[in-house]
Amino acid sequence: MQTLAQSEKLAAAPSLGSRFLRDAIGIAAIIVAGIAGYFLFPDNLALLTRVIAVGLLVLSIDLITGYCGVATLGQAALFGAGAYAAGIACVNGVTEPLTLILIGAIAGAAAGLLMGTIMLRAHGLAQLVLSIAIVQLFHEAANKASAYTGGSDGLAGLMLSPLFGMFEFDLWGQTAYLFGLALLVVVFVVLKFVVASPFGMLCRGIKEDPVRIGAMGAFVFPVLLKMFVISGAVAGMGGALAAISTQVVGLDSVSFELSANALVMLVLGGLGSLYGALIGTVIFMGFEHVVSAINPFHWMTMVGALLIAVVLALPGGLSSIADAILPSRGRTRGGKA
Amino acid sequence: MQTILSIGIDAFAYGMALFIICIGLSLTMGLMRVVNLAHGAFAMIAGYIASYVARDLGWGYGFAIILAVIGTIILSIPLERFLFRRIYGSSELTQVLMTIGITFCVIGITNYFFGPTLKTIPLPTGLSQPVDVGFRTIAAHRLFVMACGLVVAAGLWYVIERTAFGIKLRATVDNAAMADALGVKTQVVYAVSFALAIGLAAFGGVVGAEFLPIEPYYALRYMVTFLVVVSVGGAGSILGAVIACLVLGAVDTTGRYLMPDFGNFFFYAAVIAIVCVFPRGFFGKAQ
Amino acid sequence: MSDLFRVEGLTKSFGGLAVSRDISLSMPEGERLALIGPNGAGKTTFVNLVTGQLAPSAGRVILNGEDVTGLGAVRRVRKGLVRTFQVTRLFSDMTPEEHVTLTVLQREGKASRLLGRFHGNSQVSGEVESILATLGLIEVARRKVREIAYGQQRLLEIAIALALRPKVLLLDEPAAGVPSSDTPRIEQALERLPPSLAVLMIEHDMDLVFRFAKRVVVLAAGEIIFEGLPSEVAADPKVREAYLGSYANARSVA
Amino acid sequence: MSSVKKLLCAAVGALIAGSVSASADTVKVGIIGPFSGPFALQGKNFQAGVEAYMALNGKSVKGHDVEVIYRDLPAANPAQSRALAQELIVKDKVQYLGGVYFTPDALAITPLLKQANAPLVIFNAATSAIMTQSPLVVRTSFTTAQTTTPLGKIAVDRGVKKVVTAVSDYGPGVDAENAFKKAFEAAGGKVVEAIRMPLNTNDFSPIMQRVRDSGAEAVFAFLPSGPTTLGFVKAYNETGLKQAGIKFFAPGDLTQESDLPALGDGALGLLTTFHYAVSHDSPENKRFVEAATKAIGGADQLSFPAVGAFDGMHVIYKMIEATDGKQDAQKAVDAVKGLSWTSPRGPVSIDADTRHITENIYLREVVKGPDGKLINKEIETFANQKDPGLASQ
């Protein structure tokens, strides 16, 4: 009995306050970085807005790949569903930006439901191939339905009403950027709650060992499907933001290329941490932008070299630098990549 | 009837071309557990070498194939030593990151040195003539591709199932530590199978160039097709790859004949259907 | 009176090879049963059949008078048929506290809630604490699983099972791989199991078996060859034959 | 030498006119094009056209130095297009935007132009509708309908009554199909079947089989320049359609000069209509080809986007001249309405109503040139063609 007698009580959870503090600092850092971007690069706001839209897409992949272990090369299907839904709604007279974001989220969630239902039938490589097939079918469908989507010429002519009746979406892109930043912060906070919720914990468990989760009496499929729907909503909002800020929706928004790029950004940043998704997006797109401006003809080599260098130096992704500096943060991360 | 035969022969040729290019990737993914998205980049490098040898030096098609295969393998050796060896056993997504990085680099470098134009590999006159096969004419090189595909399939089957190297390879794949303990030099086995896979990519790149023309973007343009074919067949299975190539080739070809407007729908719907029925591909091994 | 748990004629064959042959046994409430047998006797297969990881070729599994053979593994868990794993299946990056909390929340139907905090949930933390205390895991409750001793991981397996409030608990070699210095802790934990719970334990450590079990079933080549008191096992000729035979075979293979 | 002389002349002229501020200022032009990726060749041609023009006409207009900034947009991507355009305008302070290979990319830029007070001179993007999106767009390339329409009559003139159309299944392909069908059926022919092929088609044999089964006398094809044209032309030869006497008509995208070496002898005899052939016989074109070849680094890479860029720069230079280096988009665009000049492709003008280029369309046949290389030889001219897509609106 003496082994058990040592202590029978858990110490008062010390991690609760510090975890909250850590998240608060992280979110504050995103806001500060976003506002700093606004003042430091006032002439690149369209690019920064695009980074935010893609950042939402990468976050959405992180939810299912980083937290649930379901790799996907077809996430742009959900992004594009949101973009086209918002675009078509806008062309047909729904011009209020917040409503369009909501429409994008709903369309993305619906697409996520469909995609999850199909993809969760398989595992591993086959699952990856299903995701590719689905995004290609979405792409074909968008191309075929040119009466609604504009096909390969793109869906143009999105005229938005000013945000809250006051702020125009204009050339300088200030409204679009700040709107996007606010959206990103809200989504990020919500996702922080989601991944810290019992549901988020369940997902992490499924990623590591679905059989164990089953032996705990929890069904795996509905949990994953739910995450697909959430992920779809996030990706759909990203798509809607892209549609709003660009005022054109192109077939590239439902392409395999976008899906693959986004997955690369996620792995670059580090799987299973929401920060990693954002870091990967900013670094990848920023790097690409800079090198392609320096040499528009041969920048691809540089991007390739960056990817190789990251794998060799930081196999856990860029956000693992932060982990090395702040060991305690490792705890909020999901399983190893 | 004539039409069906005609479609069938086209489908077979296309499927065999796909097979030759993809089988190397199937080996890397199934036996070495490396998701090598740079596979197409190696096929492309071989295409450039072959184009240089056959078109610029005028040395003939046979020479071009041999030099392309050897040259590509030689080029791949430093890559294997310094890059690929670092990702054996890594997670699939890390491998994806690394091999996409390699692909980007290869595309950028090719574009820089050789320019963005299409490169052709001139065929010998014997292969460039249309041949009358009774009910229609067919290009001789298509017959050549079919023959190559069958030879590659049979040869690989023999190497893997019937030779000492094949036994070592399969042992290493099943349990590298055990094979090591039994005296198999697993490093060597990996290096040789990597070279084999690259050699097949190179061969496929050159022979299949009539279907998939050589240009710098080749490495990315067909990446999805390769990945899909390998997965549908089941990574690591020769028979699976043959069947996947033939089935997908047939679906693709007949789809494009019967309803060309919806060709892609057919192809990807077939992929989804197959994967739903065979979640590990036709002959995939349980993980 | 009907038994709490019963299997009837459970059979499983892969291809032509039968790995479980017509196994029938029953357990009343509070039963302490040990299932033993030589390697390859089909013990883990039996657990997989009972808990629904494998579908039987024939036979029935009955819990509380209800036929659960057609139900999946998850539904059986929810009905109170719970197992541990021979090789621990735990989440290496999570803490014992998180494992048990997740399990309790799941049992309460709150595990897939999006809102509400996972950590510091006052409704469940009391129960989590008492389960961890029962198994002596308080000290390591907030360390990651991969950092704690294997013996403690085995205890955590049992803790998770207990958190499901099982009616029938199947322990698949709870002491396997545990250094002998740690087996007393496992034994203590077993002693503290709720008295009404029916427990079936697979185990090789015969000392543990004799101290724990009131009844022993011996499985060989997928068949029950003995059922009775622990004190009678060693003397049974069929059991001797099965064990010694398997050793003889093992030697000839090596 | 001549450019120095021109510069001097311009400077003297400017001094006399007294309209130039004393300090030499710089007018920036932002060029967006696919300089890397699958369409890198077309982007390189943009660059070659621009550099050729500046080499021949000097790097300044009326004392205003012209600086060109290139931005890479590898594939159709409107969001990135808008971001690049916005950055060029806001950060780099360009007065003129040029380039743009794909239609959706152009559509993403048009909403910005009014606020940016910058004209967009399109070097390629070939969908009619772009011009209606903003009054500040001028185009110096062509539209698919413009290059295709003459083929309808040509086909009928050559005794073809029944045609199968086979086009890539995307915007320009559909435009080509419609334009050909309209022109061909107006001339009395009949399109017996319209096939749309997915863009990523690799093996065209089944398409050829379908053409053969349809009993048509000719096939009309549209595919975007690049690797797929190779497969298509090969399949046309190898499946025996050519021997069977089935004729082949296409807009010139299919036989762009940089693809011809790869197409090889299989391309001999193909009939295409287009606005420009590198082999066009005129002193202007000789000068252009010489300069552009130098800029691109090899004669076999030169193709039609270069001439669009060359004339685009001409238009931009005229705009700079008209506004005297000041930023006034409307004035700049007004100044080039009705502008006519002799381009390397022949006589051209900017239509005052549509702001789209009016040009000759040539019927060309692929033949072996004097040095044994394949060329598009112009054999018939359809003078002063406007864009039928815009004219009908």
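The letters A, B, C and D name the chains in turn, as written, and every chain counts its residues from 1.
Assume a contact is a pair of C-beta atoms (placed from the backbone, for glycine too) under 8 Å apart; a residue touches a chain by one contact, two chains touch by 3 or more.
Everything numeric in this text was worked out from a predicted model, so none of it was measured.
**Q** Counting one step per pair of touching chains, how far is chain C from chain B at the shortest?
**A** Tracing touching chains, the least step count from chain B to chain C comes to 2.
**Q** Quick check for the class: compute each chain's Cα centroid; which one is farthest from the centroid of chain B?
**A** Comparing chain centres, C lies farthest from chain B.
**Q** Rounded to the nearest whole Å, what is the centre-to-centre distance of chain A and chain D, using the mean of the C-alpha atoms as each centre?
**A** 38
**Q** For chain C versus chain D, what separation do you get between their C-alpha means, in angstrom?
**A** Each chain's C-alpha centroid was found; their separation is 74 Å.
**Q** With chain centres defined as C-alpha means, what is the inter-centre distance between chain B and chain D in Å?
**A** 36
**Q** Can you tell me which residues of chain D touch two or more of the remaining chains?
**A** 36-37, 40, 44, 169, 198
**Q** Which chain A residues reach two or more other chains?
**A** 140, 144, 297-300, 336
**Q** Can you list the chain C residues in contact with two or more other chains?
**A** In chain C, no residue touches at least two other chains, as defined above.
**Q** Name the touching chain pairs, please: which are they?
**A** Between chains, contact exists in these pairs: A-B, A-C, A-D, B-D.
**Q** Hey, which residues of chain C end up touching chain A in the complex?
**A** Listed in rising order, the residues of chain C that touch chain A are 51, 53, 73-74, 77-78, 82-83, 85, 89-94, 97-98, 101-103, 105-107, 110-121, 125, 128-129, 132-134, 136, 138-139, 141-142, 144, 160, 164, 184-185, 188.
**Q** Mind listing the chain B positions that touch chain D in their complex?
**A** Of all residues in chain B, those touching chain D are 3, 6-7, 10, 13-14, 108, 111, 115-120, 122, 130, 136-139, 142, 210-213, 215-217, 220-222, 225, 252-254, 256-257, 260-261, 263-264.
**Q** Across the complex, what residues on chain A touch chain B?
**A** Residues in contact with chain B: 65, 71, 118, 121-126, 128-130, 132-134, 136-137, 140, 144, 256, 260, 263-264, 267-268, 271, 297-308, 310-312, 315, 336-337.
**Q** Please give the residue numbers of chain B that touch chain A in the complex, ascending.
**A** These residues of chain B touch chain A: 29, 83, 86-87, 90-94, 96-98, 100-109, 111-112, 224, 227-228, 231-232, 235, 261-262, 264-265, 268-269, 271-272, 275-276, 278-281, 284, 287.
**Q** If you look only at chain A, which of its residues touch chain C in the complex?
**A** 1, 3-4, 6-10, 13, 15-16, 19, 193-194, 196-202, 204-205, 208-209, 211-212, 214-219, 222-223, 226, 230, 331, 333-336
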